[in-house]
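Here come two complexes built around subunit A, the first alongside subunit B, the second alongside subunit C.
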Partner chain A sequence: MAPRILLALLLALALPARADFYLVVHASNPQKALTHKAAVDLFMGRSRAFANGDFALIFDLPRDNPRRAAFYQALTGMSVAQVNSYWSRLMFSGQSVPPQALPDETAMLGILRRNPSALGWLSKEPSEPGLRTVLVIKEPTVK
Partner chain B sequence: MFDQTSGPFRRCARGLLAAVALTAWAVAAQGQEGEGGAGGPGLRVSGFGTLGLSHVQAPQGWGFRRELTQSASDKPWRHDVDTRLGVQANYSLGSQFELVAQVIARKRATHAEDGDSLEWAYVAYRPNADWTLRAGRVNVDAFLMADYRNVGYGFTAARPPVELYAMLPTTLDGVDLARSWFQGDAQWRAKLMVGSTQIGDFATGDPGRVRDVVGAMVSREEAGLLVRASASRARIRLDLGSTQPAVDALTQLGGLPIPAVAAQAQLLRDRLGASVIPATFLELGLRYEQGDWQWSAEVVRIKAVPLVRQTSAYATVGHRIGEWTPFVGYSRTRDAMPVLATPDWQAALTPVIGPAAAAQSQALGALVTASVNQARVQQSGWSLGARWDFHAQAALKLQWDRFRIDADGPGLWTGANGQAGRAHVATAVVDFIF
Partner chain C sequence: MTPPGAPRVRGANSLQLRFMLLVFASAAVLALVAATIAYQFGQARALASGRSSVEALATAVEKTIAIGAYARDEVLLQEVAGGLARNELVDVVEVVAADGRALAKVLRPGAAERHGATLVLRPLVSPFDARESLGQLRIHLNDAKVRADADREAYTLAAAMAGQAALLAVILYLLAARMVSSPIVRLASALRRMTPGSGERLEIPQNHVGDEIGVLIAGANTLLDSNERALQTERRLRAEVETMEAQYRQIFDSSSAGIFVLDEGGRLINGNPTVSRVVGLSMAELRRLSEDDFISRVFSRPEQVRQMIDAALARGETMTADLELVQLGDERRWVHCLISVQHQDGQTVEGVIYDITERKSDENAVRHRAEHDALTQLKNRAASQAVLERFVGEARARGAPLSVACIDLDGFKQINDSHGHACGDEVLVRCAERMRAAVRRSSDLVARLGGDEFLIALRDVGPTDAVLAQVMQELLAGLSQPIRLSNGEVVSVGVSIGLACQPTHGAEPQQLVRMADEALYHVKRNGKQGFAFALAE
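And then the complex of A and B:
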């Protein structure tokens, strides 16, 4: 039995590591960390502000980004179609608008560097000192 | 009468024109925006639409509607029941101010007003993250699906249950103030609204004005369960117009010293001649989304005596299997206002006012009774269908409805007589967002 578990572990290590998602803010943002629940609330338009009450500007990657579907699945457990359907209910009743989509991760880094109220997500952990990762979301293992 | 084909078409064309103009303006304005939304002004344009085709199998001459604002048609194949196109522009001025306009093009009834295609047009002010004040044309947030009932992509079935949603107003010209807050994991929202709207059967008469609307809504959402309740009161104002002579005649009959005739004539007069009617709306709704299951249920009571005392309810359940979501729903609506008995006045009236006037009075009484009874809404329906999310921004829905309409309760249908009836509606729609 033990060798079989070992084999499974070895196989798991040999596979490319599952990418995590990094929720990132400007280093001057007083928000030190986010809970998963708070992240869902912010990205799904349930709340508009950081813990200190300041407005949060939420940014997204474009609809055709290959990692976007996995990000929302990991964040909310919903498929892209479900997320879109959810947003159409909020958006077209004037409650809230979905996070603004930026062209790519480079543009996302640019906004996060410049705007202290911005919150966005990246598929690679940013290394620069001007940014802070407030939450790491693990991609769940495939069913 | 002769305007029946050109009127709705003209209105639909105007709505479409407005939608196109809004898109063009928005696209032009968007071209000037750089990296909009990054704290500064930002314009967003989005839209939704439905292409639908229904096959209606109903008693001879009956026409199916999903809203009383739609026009009459008894054709078996219908594309105008669900088909619509909406465009919305959100223009944000910093994080505190936002301008929103939404235009919907769809086929409307003869008596609909041109301005109806403007669904929302308001300015929103958010002093902080919890409070929102909106003024202009906003939505009547008094029903679970009221906000997004035109956005087919946002819900599972082909259309909101007609038993509940066909009669309800959508837009509110006025002001609302909303607050949202968290209590533990639960998100609460509360809203106060004041303004005016319109209600009624736009295929047969001018809309009734609903003035002095004052309403409150509270909702709580936690772990996929949304529970909401609302209460509103208003004053419905009806323009008697062409019915005034009939009201006067009934008033005269009500003054005659013949108790059997007088009492009934007074009852008819009060019903037909009601022009200012206090109304209350009460609603309780819930939606539960857990894993692959989605449940929703809602109860609405409308009290506007002597017009209606309506109680409507529905429940639906859907289960997602991959890209498919089969669903089933049941809904029903009842009017507690009694069915009026057809008058039998002729014999009693003849010795008093003569045979000719007696026959006329009898005919008037019968006509008013029939029209009042035929405006009553009392029916139930089963829906069975499936939604297929074949694209991230589009879904196909197939739905089959079976309606049972009670005698003296066909008010949701056009061209119906007072008899009980059964109807089947098979629908295919493609809903999309952009």
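And then the complex of A and C:
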């Protein structure tokens, strides 16, 4: 796990300044915006529905995505390891499952375009009209 | 000295036993106090430990519970709570949401939910936002178990403390017995076995040189030294005193003087054998006088002795006198007595007596010779005058009669001339005996005035008394009896008697004798062998 953190750090340093993360839904989704807390609750398995009560399908990027660690760090303040530990405890009971991981951001874009109940995150703001960014999470200042 | 088999120190008097009791009492108190403190302390610690182990459990699962509460994963919560509730220290594990809803509640098998149970509470916060409270983890402690554990632990601790105290007491006791008590007991029995003044000394054991036991033994030896010296001095002094006493006793016992000591009541305290011999009492009889009045038992005139004692007391001098003793048998006994009074231990009377009976007898013999006629043992002329004077004086004083007879033997001169003086003396002796026999009363006077002249004075006899005539007849008859001399010859004498009586013929001795004498001559001139009264003047 350590090399991965190292890699993430290297990537973070290599990439220009700081980047934001974009939580995106289908344009037809009535959810216009999300609070940070609601985003955490959805991504961390606490809630499975949008504000209007519609079922939410949460998608994640794969574990080897270079931005994933930074995303969870920005979203929950936890390292990937902590997040994994979190999920492993919940998965133990079989009641909760972590968001489904998609191969890459392209696949993510595809799912988001097709499924009005989907919620996912991207490292670049999508320019397509069929999608709506509900929350932009700023990556905290690199120390 | 205590015999070697003297009883050992036992019972409550034994220092060792008292020490042991004290040590064990102290140990018991110590054990009690220590056990009580240990119990309290142990219980408090065990309670705290029970609570803190539950706290540790709570800390261990807190994070997972918080996650379960966050994700509302009741299965997870139930699982974790169930895991917690398997611990015997826990009765109930509850997870309560922030709105008070119970998210999970598990009871330990066999446990019941109780009111008032001690609670371990943990606030649950969101793993992603510490400000967001998710509820509370409530753990009900199994107080009975916690307390039972605490009690067990406390008991163990208390027992350990008590055992420690007891062990310490035993060790202390054994050490004290070995180091102090038994050396003292050995010292005491060694001292008891010792003979005073024998020169024995106690040996200081190697391991006690210089310590208190050593000092004690050295002190005992010093005491033995000085004791022995004192004993030797005392023995020497006693020997000296005994020698001196023996000398004095020898003097006392063998003294030719009788020595006696009387108490204030005149009872004999001590007397030497000479006293016994002089007073004629055995030592046993003498000893019995220690309960009797010695003075009145021994001296014929006790008042004389008491006067001497008073005088000796008054003047502080030794009084001396010749005293007659109480008569035993015929003999009269005399002592020269010195009396002095001592004031030591009350008042005692010391007396010294010498037997002077012999000297007194000699004195009496001289006096007897002076007063008596050597041949006939009758009173002589000089003594007869004195006696007659006394008789006359007494008779006059009492108004009693007195008869005086002058006697002359007839024919004595012829016997003296023809047979010799020795025969004449024999005749005189026999006639004197016959006169004494005729007079009978020893208190009357029979005297030889010289040659063949005799004088008789009869007291309380007057001229008309029958006894006078009777005595005269007996004189006439008795003296006229023939006398057988030692040479075998037989001689006879006659007798002429002249009588004068007081008060009939006078009241003076010389007058009475003269008138009796005249009457005698009258008889002589008129045929002899008869008696005649004087003529009244």
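In this text, the second predicted complex is superposed on the first by the 127 of 143 C-alpha atoms of A that agree within 3 Å, B and C clash if a C-alpha of one lies under 4 Å from a C-alpha of the other, contacts with A are read in each partner's own complex, and residues count from 1 in each chain.
Following the convention adopted for this analysis, a residue touches a chain if its C-beta (ideal position, glycine included) is under 8 Å from a C-beta of that chain, and two chains touch if they have at least 3 such contacts.
Just so it is clear, the structure is predicted and the values come from calculations on it, not from any experiment.
Participant: Would you check which partner chain A:Val97 touches, where first means subunit B only, second means subunit C only, and both and neither mean what they say?
Facilitator: In the superposed model, A:Val97 contacts subunit B only, not subunit C.
Participant: Mind working out whether A:Asn115 is in touch with subunit B, subunit C, both or neither, as first, second, both or neither?
Facilitator: It touches subunit B, and subunit C stays clear.
Participant: According to the stated criteria, A:Arg46 is in contact with first (subunit B), second (subunit C), both, or neither; which is it?
Facilitator: The answer is both, since A:Arg46 touches subunit B and subunit C.
Participant: Answer with first, second, both or neither: which of subunit B and subunit C does A:Arg89 touch in the superposed model?
Facilitator: both
Participant: Could you figure out whether subunit B or subunit C reaches more residues of subunit A?
Facilitator: B
Participant: Is A:Phe55 in contact with subunit B, with subunit C, with both, or with neither (first, second, both, neither)?
Facilitator: Touch status of A:Phe55: first partner only.
Participant: Taking the stated contact definition, name every residue in subunit A that is touched by subunit B in one complex and by subunit C in the other, in rising order.
Facilitator: In the superposed arrangement, which is not itself an observed complex, subunit A uses residues 37, 46, 86, 89, 92-95 for both subunit B and subunit C.
Participant: In their shared complex, at which residues does subunit C touch subunit A?
Facilitator: Spelled out, the residues of subunit C in touch with subunit A are 64, 67-68, 70-76, 79, 127-129.
Participant: Hey, which residues of subunit B end up touching subunit A in the complex?
Facilitator: The contact residues of subunit B facing subunit A are 35-39, 42, 44, 46, 48, 86, 88, 90, 92, 95, 100, 102, 120, 122, 124, 126, 128-130, 134, 138-139, 147-148, 150-151, 153-155, 180, 182, 185, 187, 221, 320, 323, 389, 391-393, 395, 433.
Participant: So in the complex, which bits of subunit A are touching subunit C?
Facilitator: Contact set of subunit A toward subunit C: 37, 40, 44-46, 76-78, 86, 89-90, 92-96.
Participant: Residue numbers of subunit A touching subunit B in their complex, please.
Facilitator: Result: residues 37, 41, 46-49, 53-57, 63, 79-82, 84-86, 88-89, 91-95, 97, 100, 111, 114-115, 117-118 of subunit A touch subunit B.
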